Amino acid sequence: MNPQTREKLTKVSTATLCTALFKRGLRNQFIQNVHPLNPALPNMVGEAFTLRYMPAREDLNPITVFNDRSHPQRQAVEQCPEGAVLLMDSRKDARAASAGGILVSRLMKRGVAGVVTDGGFRDSPDIAKYTMPAYHARPSAPTNLTLHQAIAINEPIGCGDAPVFPGDIVVGDAEGVIVIPAHLADEIAAEAVEMTVFEDFVQQQVMAGRSVLGLYPPTDPEVAGLFAAWRAAKGR
Amino acid sequence: MNPQTREKLTKVSTATLCTALFKRGLRNQFIQNVHPLNPALPNMVGEAFTLRYMPAREDLNPITVFNDRSHPQRQAVEQCPEGAVLLMDSRKDARAASAGGILVSRLMKRGVAGVVTDGGFRDSPDIAKYTMPAYHARPSAPTNLTLHQAIAINEPIGCGDAPVFPGDIVVGDAEGVIVIPAHLADEIAAEAVEMTVFEDFVQQQVMAGRSVLGLYPPTDPEVAGLFAAWRAAKGR
Amino acid sequence: MNPQTREKLTKVSTATLCTALFKRGLRNQFIQNVHPLNPALPNMVGEAFTLRYMPAREDLNPITVFNDRSHPQRQAVEQCPEGAVLLMDSRKDARAASAGGILVSRLMKRGVAGVVTDGGFRDSPDIAKYTMPAYHARPSAPTNLTLHQAIAINEPIGCGDAPVFPGDIVVGDAEGVIVIPAHLADEIAAEAVEMTVFEDFVQQQVMAGRSVLGLYPPTDPEVAGLFAAWRAAKGR
Amino acid sequence: MNPQTREKLTKVSTATLCTALFKRGLRNQFIQNVHPLNPALPNMVGEAFTLRYMPAREDLNPITVFNDRSHPQRQAVEQCPEGAVLLMDSRKDARAASAGGILVSRLMKRGVAGVVTDGGFRDSPDIAKYTMPAYHARPSAPTNLTLHQAIAINEPIGCGDAPVFPGDIVVGDAEGVIVIPAHLADEIAAEAVEMTVFEDFVQQQVMAGRSVLGLYPPTDPEVAGLFAAWRAAKGR
Amino acid sequence: MNPQTREKLTKVSTATLCTALFKRGLRNQFIQNVHPLNPALPNMVGEAFTLRYMPAREDLNPITVFNDRSHPQRQAVEQCPEGAVLLMDSRKDARAASAGGILVSRLMKRGVAGVVTDGGFRDSPDIAKYTMPAYHARPSAPTNLTLHQAIAINEPIGCGDAPVFPGDIVVGDAEGVIVIPAHLADEIAAEAVEMTVFEDFVQQQVMAGRSVLGLYPPTDPEVAGLFAAWRAAKGR
Amino acid sequence: MNPQTREKLTKVSTATLCTALFKRGLRNQFIQNVHPLNPALPNMVGEAFTLRYMPAREDLNPITVFNDRSHPQRQAVEQCPEGAVLLMDSRKDARAASAGGILVSRLMKRGVAGVVTDGGFRDSPDIAKYTMPAYHARPSAPTNLTLHQAIAINEPIGCGDAPVFPGDIVVGDAEGVIVIPAHLADEIAAEAVEMTVFEDFVQQQVMAGRSVLGLYPPTDPEVAGLFAAWRAAKGR
């Protein structure tokens, strides 16, 4: 991943990124119904690395399966690259956990950029204190074996109804998580930075009392000049 | 809106108001499944002003529609009266936003009393810091154009399964939002203030160790005297 | 309830308890979709005492029903034993409240260990400040009479899709609530304490940089020795 | 149950009965989301007899529990009175069956008037051929033990969000099932018969080309006379 | 509406129409989750005429409201033009009816082309026997007043998550209902007829044993000739 | 697949198979919420062959993708072995189709045993007339490209919350579809045949007036003899 792109994406919001993708006809890249366990952390940015769960069959999911070091859940935690984001397809089912505190702390320690499930995490009060961002639908204490069998690593998946391909660029903020197709990441990041500058200007104008009509979008011819002046003054 | 009524409604809870409406046969005035982005703000009180969304048809909702200053979403933000509450019928669909930080800050700057959607807001981390109350179902980064087309201003709508008529009196607290039919607002406000005095007394009695039996409701003849004495002592 | 068991259960997580129950073939003991109103409180531990709601029929649920001191909701609040947990079967319907601040404070004052509904509480901002744990699905201002009729005390019930028998041992933490069958409580508590010691060791190892492979579960022969040494050093 | 009332209720629709109950302030007596397995059967009419299910705990629900002849599911099937309707509270969960063909045929053989669950039946293709009406949400092959434990007989329950008290009068037609409070059954039945006569007249008028305005309801003064004449001609 | 277009639309399927709309970027025109009460009827084709429901407030919806001949539900039934389709926005809530047999028969008698609700009809067993197509989510006996207040006629609405503008062209078959934007109707109808001819050819080829690869779509150069010959032979 | 096993499975119900699996601790093998388009067909029996869908990304799913003969949806239809059942993981999302009439008829023509999706089929009125069984959640006219991208063939998947591994044995009847782990198929089939004989006997006894107590299960010592005699008489 382009380091400038990574840097840019740490400074823009998922809302702005959604709009940039919408302009290109991509309407379903926001992961539905997940939120950060700790909304105070900085943006999460990284390449997508995936884990797919299927429904658990009871005879294949006794507690002893983890004695097998090749178990996909454990392998995903050890293989997810530094700087990447681990996204889990838990079929939007938070009735059992997708992972718990120990695995999430291992990801954090390995330098992974963040972790997302469209199900739930267990040990969520602990995970909420970690410095690595984690996103889920809701806390869920039952072990994953109760309902979920980790079955495949780094396949294309769905996560919260969004399509995720390995290598896509994933960004999370306090609002949620968005998946940017890999080939668009550089241009989307650049555009989003520009949009953010303009939106900051608009916000300042609104707080100064200006109507949104003619300002957002800037159909009033005067606005272009005001923006240029503001931008120069701010050095952005 | 009667200023005394407004004042009274800043000091009572939506729970108390629900009970006052229940006594009059109104069971569905609480907006289901919305919560405040900032639960620490004081009560929101104002007349209902509405915006209705319908499902977005793609050809009618490119990003350029906002170049039209008469777009209903933008008009709603500029027309909603000072002191009113803007309620949005988003068909309980939070997969795309109903509005974002810039529009909400414009409402705030214009002196609007608050904003409610039965969908979601984008830029929700920003909105959570505003001094104007905002209520939604969950954060939602995608632009409204993704799924919602603003179609009509100040019509009767549904919001979170509650009926809302323009001019109804809307009250929000840290628990949620209730819609009081306009013609009942004065009497409901007065009754709710009285109920609150009694409930504060009951709460004090309970914390002093008294059983709820005979106290709440006060079927024990002794309670009337205790309450009168407490009320006199408190000057309420 | 065995006091040692109670003490042990204050120090373990619902996640650990879920795993201990999973090992015994019990997969559905976690109450789905409830959370604590105040996640900062210590663990809730107590025997289950239950209240069952059925759908309210309008003619049987005017506001005056509470004049009857034998109303099951009020009786449940007065009868729930000290140290027990009151669990309410609200049919997972949070559109009206299961109880409010006054009743919950009465439970607290009476020394009840906590209260759980698979619906919602009203006066939730107040309840969130109490020192007795309370768990629900979401805030709900409407009085219970709107949708719920309290019909039976201390029957076996469902709560958040979990089976609850009176006398079961209930534990809540910041993640949620689990129901331990009464006859298993002592052994589950003892096992969970042991599991917690090991998991604390694992967490420390992970934070020191060790892979989860071979460590969790400890299939690497070296781990047993490391754990014994750590345990001795920690005096656990 | 009054035999005339039973007779009347075989000839009116659940829609008409809903309206008669609505006029008395009862809005929630229609069992939501169930349908007849065989819509061609005549109306089901009988007193309510109930069975309550709670979530199944695995250790209490092996296949061997049915060796116990006092098991509540089997007892319900043997105890439900002739002419009554067995209603099952399955917590609206059709992922496992509430009962199957053998038990339903035993009910039929015993002269029971019908059976309703807000979950699902197994052996539904067989049950659809029986002469006793059965209503459910959808077919469900898994044995009830998978998710449901029969726990209590003839308690007040919820069924499809409707309140059901033992002895209430239950009526089912091709549209669904309604629960009439016992004390209202006679007057509701009489009123529904009258309403049906008028609606048949209205339908005939509509098919003859008359507008519904002034006819339904009959605010046009002419209609009373037309109806009287029609009624006389039809001998109803 | 162009009579040729109407004629063409009686002979194509909603599936084919969905694909023609998909090619133009319109993905949400199929009304979700409704089905015909009588799937044996011919296609329903007509211009959209709409009725919007909002949640019912109890004091505004006693049974006597229908004494007012200007009530929007009754007016909609009398005003809907001959040859049009009446679509009702019932907020996807089938817990109470959108209309019943008498009103639907009045629509039929007036020459309306069909009726659609994203809620439910009462008297559904009768409506299923009518010769005018009707579509809903499920049968629902309670009168509309229980939950729905008819509030506006011929506004743009949502119906089953599809956008509906008055004058759009609506087509229903045994599978469901699709809404074609008015300005596209002629070209979509023409294209759908052509697609249907080709799909009939493909189906015939498949039944004769040909692989879909190269045939559907016809990337195999041979197919064009086969199709031309088939078409000539069939005279289509 | 063992031909005797296949033969046996054509004669037993999914309900009986569910119970046989339940006895072995397998509770989630019934595919939830699907039904046959034509319930009059004989049992569907075959080895599982799978197709996995992920959410569609718009730029990857124009109508032209099918020009690529290696598209997984088309390949699945051509590769699924004769006598197998094609199961599609559509993430329980029936808002767009999983496949349509042409592909399903190609499967039929190729000798495939049946097709199942936990979403919906388009051209469902046609498919309902085919002689090959098809199961879905509900009809859905929009092309799969609208929401679903076929991404992988013959992986382990979830279908209607049931785990499916390629090669598992799939049985469908008028009630629904069950997935039997491959290694258990022979013994489950044999056991189900025996259970069916006994259940037929029980049904005959019940219809002759016998109580289910002591009969089902046969705890009454007399029943064994009756059954043996019945079995001998029937030659089963």
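A, B, C, D, E and F are the chain letters, set down in written order, and residue numbers restart from 1 in every chain.
Keep this in mind: contacts are C-beta pairs under 8 Å (C-beta built on N, C-alpha and C of every residue); 3 or more make two chains touch, one makes a residue touch a chain.
Everything numeric here is computed off the predicted structure, so don't read it as measured data.
Steps from chain C to chain E, minimised over paths through touching chains, total 2.
Distance from chain E peaks, on a Cα-centroid basis, for C.
Separating the CA-averaged centres of chain D and chain E is a span of 31 Å. Centroids built from CA atoms put chain E at 39 Å from chain A.
Residues of chain D in contact with at least two other chains: 27.
Inter-chain contacts, as defined above, occur between A-B, A-C, A-F, B-C, B-E, C-D, D-E, D-F, E-F. Interface residues of chain E, counted against chain D in their complex, comprise 63, 66-67, 69, 74, 77-78, 95, 97, 100-103, 105-106, 109, 122-125, 138-143, 145-146.
On chain D, the positions that touch chain C within their shared complex are 24-29, 54-60, 91, 149, 151-152, 155-158, 161-164, 181. On the chain F side of its complex with chain D, the touching residues are 13-15, 17-19, 22-23, 27, 30, 32-33, 35, 39, 173-176, 178, 199, 202-203, 206-207, 209, 211-214, 216-217, 219.
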